Every structure is written in C-alpha cells, then in structure tokens.
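Same chain, two partners: chain A is paired with chain B first, then with chain C.
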Partner chain A sequence: MTAVAAKPAAGGAMNPTAMVVGLVLLVIILGICWKVSPGLGLMALIGMVVGGVLIGFGTHFVPVGGAPAAMGQAPGIATGVAMLAAGAGLAGLFGGAWAAEQGLVVAVVTGAIGGGLMMAITCMMVNFIYVFGMGIPAASGKVKVDPITGDTQPEFKSQGTEGHGLPFVSFVGGVIGGILAGGGGTLIYLMLLDLYKATLPTLMKATEAQIMPVAISAAGIFAVGMFLVNAVLTAYNITGTIEGPHDPKFKRWPRAVVASAVASALCGLAAILIVVV
Partner chain B sequence: MESIVFGIGITALTGALATVAGAAEDTESNIGSQGDPNSQVQLAPQMGYLHRIFNKAIAGEPPAYGLWCALGAGLAWAFMAMQLNAVLAIVLGCVLAVFVQGVYSTTAYLGRTASLKKFGQPVFVDILKSMTTVTMAHAFIAIFCTVTLCYLMNAALGHPFPLPLLGLLWGIALGAAGSAVGNPYYGKERQYQNQKFGAGVPIAQSGNIVRYAEAGERNSLDNGFFTAKLGGPASGVCFGLIVFLELWRTILFEKIGAGWGAIIVGILIILIFTIIDRSIEVWARKTYGPYAVPTKEASS
Partner chain C sequence: MTVKIEVIAGGIPHTKIMVGGIIASLVCLYLSYLNVVTGTEMFSFFGGLAVVAALIWGSNTIKVLCSYGIGTGVPSAGMIAFGSGVIAMLLATKFGIAAPIVTLVLAAVVGLILGYLSNEVLNMKIPAMVQSLTELAVVGAFTLMGFAVLMTGGFTFAALTAGSVTIMGLSLPSYQVSFIGGSLIATAFMLGALAVQHPFNACLGPGWTQDRMLMLAAECGFLSMFVAAIMSFALITTGSALISLVVALVGWGYTYMQYIGLSKRDAASWLDAKPIPDVEGH
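After this line comes the complex of A and B, so read on.
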C-alpha cells in the first residue's frame, strides 16, 4: 500500500457545505477589513491568513505519536500535535523576529529554517533515544515501505505494537512541518509589526522609536496567540496521532486549511481593529 | 571582531544553560509523570494495579513550562524595572514562579488521584510531601536556566522581544524538546521495565506498570534517579543544540549575504542532522535486525 492508495481513516470525510460556509466567512471578514482599512490593514490581514494557512498545513507534516509513542506502541514523537508544532514554530519565530530588519523574504526564510532546525534536532534525538536508549529500530505502522528510502517496515514492528520511532519519511515530514510553521508564524509577526509601526505613532502621538517596544511586543504576542490557534485547530483535525505525510490522516489537510484561514482572518481582524478603529 | 567574540561567548553560555535546563526539565517531568506516560500512571489503578507514583499531569509539558518560564521572566523583568540587580531579579522571579509550580503540582496530584477513588487508589500524603518539593527543586533549575538564557538573548545579544515573551517562547520550546526526547525513555524503559528490552510495549500490557523497587514499593524518586542517567541528559543535549545552533548561525553568519549566510548555514545544519538520523536508522536496522522474517508482500 502506498500513501496515494491509502484510504482516509474514519472521520476524514470532507463536508462541502462546511467548506463553503468557511470560505464565505473568510470573504466576509476580508470585506469588513477592506471597509475599515482598505490599504495597509487588508494587506496585513491577507498576510496573516497566508501565515495561518502555512501553520495549519505544516502541522499535518509533524509526526506525533502522543502517549502510545511514549510506550513504543506507535510511531512518532511522544508529545501532543499542537505542542510540538508550537515549539518548532515559536523557535522559528524567534529567529525570524531577529531578522525582521533584513526584509520580509529573508526574515520569513530565516524563521522557516529556525523551525526546521528545531525539528531536525528533535527528530534526530528521538531516534537516538529509541535506538541507543531502548534498542528499538524505527518502523512505520501505516505503510509497508518507506516512500523515500524504500525500506520495508512490517518486519521491524515489534509484536503487539503499531510501530515505533521515526522512519525516515517521518523525519522529513517533521522538518517540512517545522519549516512551514516557522515561516508562517514569522509572516504573521512581520505583517502585524509593519501595521503597528505605521499606525501606532499617530494613535499614541509618539515617534516610531518610542512605540517600537510596544509594537514588537504586541505583534509578538498576537503571533504566538495566532500560532496556538492554528496549531490547536489542526490537532482537532488530526484527532490524536499522525505519522507524517504518508499517513492517511494527512489527506484531511484541506479541512484544516479552510478552518485555519477563517480563524486567522478573525483573529487578525481583532489585531487590526485595535489600531485602526 | 570583539562583538563577534562576545557573541560567541554568550552563545556558548546560553547553550550550556539550555543543556542544564533540558536535563532538569525532563527529570522534573518524569518525577511528576507530566509527560505522555502519565496516561499509564492514571490507567494502572483502573486495571487493578495500585501504585505510589506521583502524577501531576493536568497540562502538557510545553504549555506548563511556557507558563512558568513566562512567569519567571515577567517577574524578573518587573523587578529589574524596579532597579533591582539583574541576578537577584531573575532569582526572585524564578522563586515565585516555582511557588506557582508547587501549587500546580499539589492540586494536580490531589485532583488526578482523587478521581481514582472508585478504583481504590489512595492519596498518599507522604508522596505529596516528598515528591512535590523535589519537582520544585528541579523546576527551579529549569526555569532559572531558561530565564537566564532569555535575559542573555535580550540584554547581551539584542533580540527585540521583551523578556516575558522570550520566556514564553523558549519555555514552550523547552517543554516540546524535553517531552519529545525524554518521554519514551520514561514511558517504555522505566514504567515498563518488566517488558522485553528492545521492543515496544504490547498494547495488551497497557497499565501494567512496574510498581515495586528493590526494596518496597517504587515511587517517583526512583524514576527520576533512573531517567536522569539518559533521558534527562539526552533532552538537555537536544534543547542545548537547538538554542546553541540557532544563536551560533545567527551571530556568526547573519552579516554575510544580507542574512542569507545564516539561512544557508541553517540548511547545511539541517542536512547534517538528516544524515546523522538516517545513519542511526540504518545502523539500528542492520544491528538489531527484524523482529520477524520479511514477508513477500511486505518487500514488494
């Protein structure tokens, strides 16, 4: 069985009505923003929606095994979906915020690489502890052959388990997830920072240098909050554990992308309204 | 040049602090069963296995450490704004954050264990008294090291984020790294020490955790003693590498190519870790071998 041939698990079916309602909500929120702040505000909101979608989509790549992984009963990293994605994405946001002065593209890519780096180190150390601490090789429970390396998987699953550790495809998925989440979080931060830098001096009757600490803090807090909103939404979509891009649950991503877009638009609108109304 | 040397020195110091923080965080969470293996501690009495293991898991490690580190950093920041010496401010902030951790641990243990009353699981007051203080001590080390490295990032390296926000970010990252690396070692290797080495725990054995030590009943201090030998240090190395390499690539290579130097070095580091990971995976497959004879269907 390949990832392409795999059928979505129960609960993975798309609901076209809900998707359409979500898209209509997104258009309405964008319309409200266009009405109150047609230039900078709308651009910032679109950037935040793109950032939120990157986080929501990227979280699907992160291999998370939850409690079963902690007992070597299932593959993946032994923690929660939202928490791991948040850890990686926020480490990326740290780097991206540092590079903010070097322009949008460099800062977003720096944030993405920061998230990817955090996941690469974590995934490597997870396999290290499984192999050298517990004597257990990596094995997937969802595919018979690793789609990247071609390694066979079932004979490396120990009896009575669904697999364990991180097969190479899960490692790659983790790094991709960290890259998308780190880039998305940084994009949200930069969009808000630009907006606050432009609007706060007038609002607070102060110079740009004086409002910078407030702008950076507010943008950072909103970026962290929106990051957690999107990561938790995706965790609900995944329902528990996921092995990575080869897992049948990965096919649920369109649902999370629409939900993330709507949630990011709503949160982003609130972040914009505090300075433009 | 001097600023680069200064930056590298601070980077090395933050890396060392992060390593200690990661090790202390994992040991603290293992003594308190706060990682994913808490499910087994909670499940055991329901399967008829009463125990004396501490269980304070009412939140995952990342949000819990996000809270405590943000609290420690926020209070330290407030004390510094009151013109208190930075070292004293950080220590006081972390002490107050640890009191919150102590209250959290106490209420979490009482709440989680009281919910198992119908399965006959007692609330052990001596466990509450002896374990809570030990987790508080480990939590202080983890929070203090994390807040200090956040302070160094902000004050010495010039990161734009304020101290409380850095505390939140790195607290969540600390919990994520510690739970990812440390949980399997505590869950599989310690709680299920009675199962075969070199294999996952069969699902049918869930809840049958080890409850007896060499003398008397096992408690969570025994678990902390065990995991501090490998799971804790490995978590520390993981978090230390994350912090050190993230800062190192920025400090040394950010000026090259208008920021692209740090990005390229970051990509190279990711590739190096990818190669190491693949080597570990291949080594394990060759050295340990399969559990069963490969089937024709599986290899096709």
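After this line comes the complex of A and C, so read on.
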C-alpha cells in the first residue's frame, strides 16, 4: 500500500462531547492556577494560552507538503510540521527573545516578523527549487482559481497528482502562519520570563542578575517544548499535510484551537508550579 | 477509520519492553543517588544508562504508534515526546529524592491528557494513541532526567540550576555554569529527540526487524551519551566525566558492531565496496 493511500481518514467531523470536555479541562486548569497564584501566575497562564492558540491556529496557514510534496505530487513545502515549526517558528521565538527588553509589544511584533520572514524565505527558496530544480510549475489541486491572484490552476496540474509547487495563496498563507506562530511563541517566552524574573530571586535566595541565566534558559526551553507540543497537535489535526488557507482541511481549525488551549494551559500550569509551590 | 500499514509481529511483546524500560530507567536514576551517599560524582554515568534504557523503550513505542499511518512523519512523535517530557521533568525536579517517581507520574498525566486531546478532540481515532503519547511523555522526561544526572551528578532542582566557578583558587557560586542556566538542557532536548525517533525512522519498511531497531536505539543512546559525557566535563570532576566517557565509548562500540552485524544479517546481499581504494599496490 502506498503512503498516499494509507493516510488516516480522520475526517473533518467534530466531536462535541470531547470539545466540551476539553473546555471544562481548560476551566479546571485555570481554576487551579487561580487557586495557587491568583495574580502573576494567572496572568502568565492566560498569556501562554493565547500564545499556544496563536501557534495552533497559525500552523493551519502554513503549506505543509510532507513526503508527497518532495516527490512533486502535492503542493506545499516538502517537509513535516515538526521540522517547519522547529525551523520557522523557533526563528521567530529567538528573534523576539532578542527584543525582550524592549517591552511586550515590540518583542511580540519582532517575534512575529522573525517568523514571517523565515517563512517567506523558506517559501521562496522552495518555489525556486521546484521551478528551476525540478522543472514543475506551481498549481493547486484543491481550488480552480487562486483566491488572491485569480490565476487558473487545473491547466498546470499534472495528471495523477494533487497539484504541485507552491501557488501564491500558499505563499501568503505561509507568511501569515509564520507571523502568528512566531508571535505566539514569543508571547509564551515573555510571559514565563517575567514570571521567573519576579519569583526566582526569592526562591533561590540570589539577586536578579545572578538568576537571569536560569530564568532565560528555563523560559526558553519551556517555550520550545510548548511550541512543539502545539505544532504537533495541529499536525495531527490536519493529518500531516495542508495546502494553505484555501484548503478544505483549514475548516478544522476550531478543534485545534481547543486542543492547543488545553495543552498550553496544562504545560503552562506545570511551568508556573515550579516557582510557586 | 485508519489503515494499519504494517503488522506488529514477532519479537519481544511491547508490554515487556515497556515494563523493562520503566524499571531499568528508574533503577539507573536511583543508582545515581550513590553520588550523594558516597559524596562523589563517580556514579553519574548511571544517568546515561537510564537514557539508553528509556530510548530503547521509546523507539518501540514509536514503532507501535507510527505503524498506524498518522500522516505527520515519525520525527513529530519524538518532538511531542520531548516537548511534553521536558515540562513534566522540570516540575518533578522540585521534589528532591522522589523526583524520578514524580517524573513518571507527572509525565504520564501530561501524556494522558495530550493523548485524549489528539484522539478525541482532534478526532484521530487511533487505538494506540493515548497509551503511546503517555509512554512517550515518560520516555522524554526520563531521557532528559538521565542527561541531567549524567551532566550534573544530581536530579534535584538545586543541582540543575547551581554550579560553581573557580577563580584564582576561590570557588564562587555561579548559576550560569549549570544544566539549566547554561542551556545544556536545550542540547539534551535535541540529542534525545533525535535519538528516540531515528531508530524507527531508519529501520521502517517491509524488512523491519525488532532486534535490529532496538540495537540501533541503544547505539543512538550511547552516541548521545558520549556527546553528553563530553559536556559533563564542564560541570563535574574530570575523573567522573572520564568514567562516563569510557562507558559511553565501550557501549557505543559494542552496539555499533552488533548493529552492523544485524544489518548484514537482514540485508539481501553484502558487498564491501571499500570507499577509499587501497593504492599501495600500484
């Protein structure tokens, strides 16, 4: 059986019971956080949930092609979500981390620009290799005309493929996804950094300057961990591949938003409990 | 709903590997407590052995999970394992001597909830999903804790965050020279995440055999342990780090030879092509 045929048929159906259970879990976790740390901790957790949701939602925009794209049989960037998230999203996170001292807004915007820029470069180089290296035109298999440029697609699509290359709408989707995911990752990092900067000095009986390396590194590794959890959950939601915002699979985003919110709240609670218990 | 693309047949049953992995990792992590009992850092290498045990278990779990076409590629399983594992492991280090047990429980809870989210909320409907993500979170947490022990000699939050620098014979406390403060945890994260997903990613296919994959997992574990042992020179005494280094080298050499042997056994035919030709005869 080929890899294409063996794709799981997870379908676009929603599971209302599970969604409600997920939302109840989210409320319970927020409640626990309110109980143990009503002020600083709860604010940090809400920031992390927003960041996680941005990552989960943003990943839906990114044209993830997977192995079929590498063989020129499906549109998108020819790798998996885990690799794209690690490459583009973390580039944004690191960009934002450099600007952490300039305040929340500047840092988040810097992170978003970092992620978007990395995705723009990735998408351009991918198309460069598709067109000049593999000799295939960009054509979407999911829509008749490109929703942004209005270019027709089926004439350029090879028989037996789901489309190939990276159409303009996928490129734009990739950049939007990079902006959202980069900003979300930076937001998680900043929330944790502020929390650790405020609580670690008393916990470790040292000055703020002394604990800064620990605070930065711990916040960074938590942000990376939560970023990867959210990105992989979204990858499960789209069963590995998506063309961009015009893909029918994009409509599945409410499921990923709920899952990302609960997962971020859970991981964020653990990160907060380290310093408040 | 889903199509199973490969059959799990033959070899050791997964439950046996799972129980063995949990016990071996826990025992190795607790054996490293001999550091505190004897007041040395000589037993840090047990952390590396815990890493190897957890990775062998983890690669078989990934085999169980990825036998269903989850569509996201094998590496994503390694990434979510360590993403959830690092969070549980860092919280567990706050519990002192109980840390390894607490890691097991916390990681299992985090993994269970993530498994529920993927299977029910995201509607994946894969039978092995919940159990596999639970196991993978524990594998990730144990591997990171093992690396922490290997590099610092301890598994408590204090041991992971505080180090000391010696300036002109004077030992000063420094938070920068530590597992977390020096961001060695980020390297450990990637060393483990690559080592846990690589064995199945490299061995999958119609010719998959379990013993070959597990041997490759052990080889990846010892190779990661070798790199981590080199980094441990910065944090523990030279003699202790040398012990870890020698254990890693011997383990890697043995498992590598075994893996090559198993690859030759499973290959249809074998030709030693000699990439560097012998020119002396000319």
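The criterion applied here is as follows: the second predicted complex is superposed on the first by the 267 of 277 C-alpha atoms of A that agree within 3 Å, B and C clash if a C-alpha of one lies under 4 Å from a C-alpha of the other, contacts with A are read in each partner's own complex, and residues count from 1 in each chain.
As a convention for this text, contacts are C-beta pairs under 8 Å (C-beta built on N, C-alpha and C of every residue); 3 or more make two chains touch, one makes a residue touch a chain.
Please read all numbers here as calculations on a predicted model, not as lab measurements.
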With chain A superposed, do chain B and chain C clash or fit?
clash
Could you tell me if A:Met191 is touching chain B, chain C, both of them or neither one (first, second, both, neither)?
neither
In the superposed arrangement, which partner chain does A:Val62 touch: chain B (first), chain C (second), both, or neither?
neither
Comparison of chain B and chain C by chain A residues contacted:
B
Determine, under the contact definition given at the top, whether A:Ser217 touches first (chain B), second (chain C), both, or neither.
both
Output check: A:Val49 vs chain B and chain C. Expected answer is one of first, second, both, neither. What do you get?
neither
Taking the superposition on A as described, I'd like to know which of chain B and chain C A:Asp151 touches: first, second, both or neither.
first
Give one of first, second, both or neither to describe whether A:Val81 is in contact with chain B, with chain C, with both, or with none.
second
After superposition on the shared chain, which partner residues are touched by A:Leu25: those of chain B (first), chain C (second), both, or neither?
second
Following superposition on the C-alpha atoms of chain A, which segment of chain C from the set 4-12, 58-66, 76-84 or 202-210 overlaps chain B?
202-210
Chain A residues touched by both chain B and chain C?
66-67, 80, 83, 86, 213, 217, 220-221, 224
Please output the residues of chain A touching chain B within their complex, sorted ascending.
66-73, 77-80, 83-84, 86-88, 90-91, 93-95, 97-100, 102-103, 106-107, 109-110, 113-114, 116-118, 120-138, 144-145, 149, 151-168, 171-172, 175, 213, 216-217, 220-221, 224
Chain A contact footprint on chain C (complex, rising order)
1-3, 5, 68-73, 75-80, 82-88, 90-91, 94, 106, 110, 113-114, 116-118, 120-126, 157, 161-162, 175-176, 178, 180-183, 185-186, 189
Using the touch definition from the top, list the residues of chain B that touch chain A in their complex.
35-40, 60-63, 159-162, 165-166, 168-170, 172-173, 175-177, 179-189, 191-192, 197-206, 230-231, 234-235, 237-238, 241-242, 245-246, 249-250, 254, 258-260, 262-263, 266-267, 269-270, 273-274, 276-278, 280-281, 283-285, 288, 290-295, 297-299
Hey, which residues of chain A end up touching chain C in the complex?
1, 3, 5-11, 13-15, 17-19, 21-22, 25, 66-67, 80-83, 85-86, 204, 206, 210-211, 213-214, 217-218, 220-222, 224-229, 231-233, 235-237, 239-241, 255-256, 258-259, 262-263, 266-267, 270-271, 273-274, 277
